[in-house]
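Presented sequentially are two complexes of subunit A, the first with subunit B as partner and the second with subunit C.
Let's turn to the complex of A and B:
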């Protein structure tokens, strides 16, 4: 199982390296959203820790949806999905591999978006280690829910609209925790950032268990 | 193909009795809510909307927990009636969540001075409403029965995580909303006995209405399955 999971994730990342359209689209998207949102709310408001955190995490959630959708589109274009599913344990490996690969892609997208936000908004980071912890846990908490919702909407008409409708409400607790945790780390509240980190970890764990237990049943 | 004759026959048998019980309980509940229960010392008669708002919110929880259980049942057994229960309960749950939001909003205007405020219970309830609208949307966009039922079941299991979040949000975050007065971790209900009795009768009446609507909707869904099966078999 672990070997098959590694194969799917490795194949996904290799495809992304050879033809990085999903990664490039997600990075461009997050950069554009961070710029656009900061411009719309104004630099003074955008520099407030809670606002800066919210802008970053909302942009990252949309980038995750974009990257996951693109990843499954590539499988459908190449007719590769049926072959993976036909393998013994293929459904589990497909879901887990996609989650793993999306986590890696999101880590890169998050790093680029985070550095952009820090530089462009000239943010002062009071607790850099805590900010890294919150960001890492936030990046872990998003992919399971996003891949789950892309799988549920696979091969359906209106999929582009359906995935955000299904994913964003489920992601609200994670987005609130990540935003508040980032704001606490930026403003020097160590207890706050650790508390929100624990909540992120809890949600990442709950959805990982749920996802790996039941989602393979929905893959045809 | 799995037969649906037995569950549908059962539904048809219990539905009229549920209807009679629901009408009787709703009549008693209306009398108690509007005439028997005393006015509140602080809010006067405005508080009486609680007898619609609280049972609606309770039914929303119940309906979405039933969706969860029916979803587990479908994934476990692949019996079609589990899927019929899930869709029926989700539709009724969405209806009662909307009713809870509207009733809460009508109560909030004279009490808080606004129709809507960004406090945790309201926002999490609105999010729950949107989640289950998405659930119904997912069902409507899929045409193949087994595929639709399996995908909806997975989503029905995932979404139930929001139900305790809604209930406990007033305890976890600073909230303008009233704290739980009946299901309290720190002891029994904190309501006046006549108000509590009226509230419990209202909850019972709404639960019977839910059971009737569920039986009616499950009957329709199972009939639809039978027709599709008959058409397929020629």
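Let's turn to the complex of A and C:
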């Protein structure tokens, strides 16, 4: 399983490196959204830790949906998906590999978006280590839900519209935890940021288990 | 009897439409042909055997490993032919796997192998897909309209590949509405109409 997961993730990242449509779209999207939101909300409001955190995580959630949808669009061209799911263990490996690859892509998108947020909003970070931890766990918690929802809408014509509708309500707990955790880290509340981090870790675990349970049947 | 693949009483429903009706079908060693007009359900039978569609009723049984080649090449864009086939070979964990490069060369694809597959013509992509017959030799092989998009030279290579598969004692199910010459080599010819195997 681990070997197959690694093969799928490696294939995914190689394809993304050759044709970085998803990564470029996600980075552009998050940069524009952070810039736009900071202008719309205004510099004073946007600098508040909770607002800055919310802006970043909402943008990252949409970027994750964009990148995951693009990744599966590539699989559907020429029925490349069928080649994997017809193989023994293909469905589980596909889900886990896609989650792993999307996590790597989101780490890059999150780093770019995070630096942009810090610079554009001129944020002061009280607990940099805690902020890194919350960001890492938030990035870990997003892909399982997003990939799961893309798989659920895979064969539907209106999947571009349906994926956000399916994913965003489910993502609300993760977005709240990530936003509150980031706000705690920015404002110097170590206990708060660690508590929200633990919650993010639990979300990542629960949705990974759900994904492995649902995805094999959902792909069929 | 231990045969390559079996469908027993299979009914399949897609988009609220019954696409297969109580299909019983056995694929034994040798060449089995599945014939029928366009839209009769040939592709759906192959997808049911491969486990690519849910069954509303009935069961499927596969003895040994299975290779299912659809009428589209199943190659991931962005990767080269070698990368695509090497990935599938490794994923399957083929022991003593035949080398991918020479297999592609044998299918007339010795050049441009580093290019991503979307830069190849439809016929070339089809050849790459069919090279999986050599790089992933399996007990049961399903081919859906394998002669589509092939020129004379590639069609000759495919016939040779079919011969190699049969000489190795494997099971091969080919869905096609043409190529009557295959009937002479087939151990069974089945016909499907309106989602039901009629002969």
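FYI, the second predicted complex is superposed on the first by the 219 of 220 C-alpha atoms of A that agree within 3 Å, B and C clash if a C-alpha of one lies under 4 Å from a C-alpha of the other, contacts with A are read in each partner's own complex, and residues count from 1 in each chain.
Just so it is clear, a contact is a pair of C-beta atoms (placed from the backbone, for glycine too) under 8 Å apart; a residue touches a chain by one contact, two chains touch by 3 or more.
Since the structure is predicted, the reported quantities are computational estimates derived from the model, not experimental observations.
Asker: Determine, under the contact definition given at the top, whether A:207 touches first (subunit B), second (subunit C), both, or neither.
Answerer: first
Asker: Examine A:121 and indicate which partner it touches, taking first as subunit B and second as subunit C; both and neither are also allowed.
Answerer: So A:121 meets neither subunit B nor subunit C here.
Asker: So in the superposed three-chain picture, is A:173 touching just subunit B, just subunit C, both, or none of them (first/second/both/neither)?
Answerer: First partner only, subunit B.
Asker: Using the superposition on chain A described above, determine whether A:162 touches subunit B (first), subunit C (second), both, or neither.
Answerer: It touches subunit B, and subunit C stays clear.
Asker: Just checking: does A:215 make contact with subunit B only, subunit C only, both, or neither of them? Give me first, second, both or neither.
Answerer: first
Asker: With both complexes overlaid on chain A, does A:96 touch subunit B (first), subunit C (second), both or neither?
Answerer: neither
Asker: Name the residues of subunit A shared by its contacts with subunit B and its contacts with subunit C.
Answerer: 217, 220
Asker: Which residues of subunit B touch subunit A once you look at their complex with the stated criterion?
Answerer: On the subunit B side, the touching residues are 75, 127, 130-131, 134, 137-138, 141-142, 147, 150-151, 153-155, 157-159, 161-162, 165.
Asker: Per the contact definition, I'd like the list of subunit A residues that touch subunit B in the complex.
Answerer: Residues 145, 148, 152-153, 156-158, 162, 165-166, 169-170, 172-173, 206-207, 210-211, 214-215, 217-218, 220 of subunit A touch subunit B in their complex.
Asker: Can you list the subunit C residues touching subunit A in their complex?
Answerer: 50-54, 65-66, 68, 70, 72-79, 83, 87-88, 90-93, 116-117, 125
Asker: Looking at the complex, which residues from subunit A come into contact with subunit C?
Answerer: 3-4, 7-8, 11, 14-16, 18-19, 74-75, 77-80, 82-88, 90, 93, 217, 220
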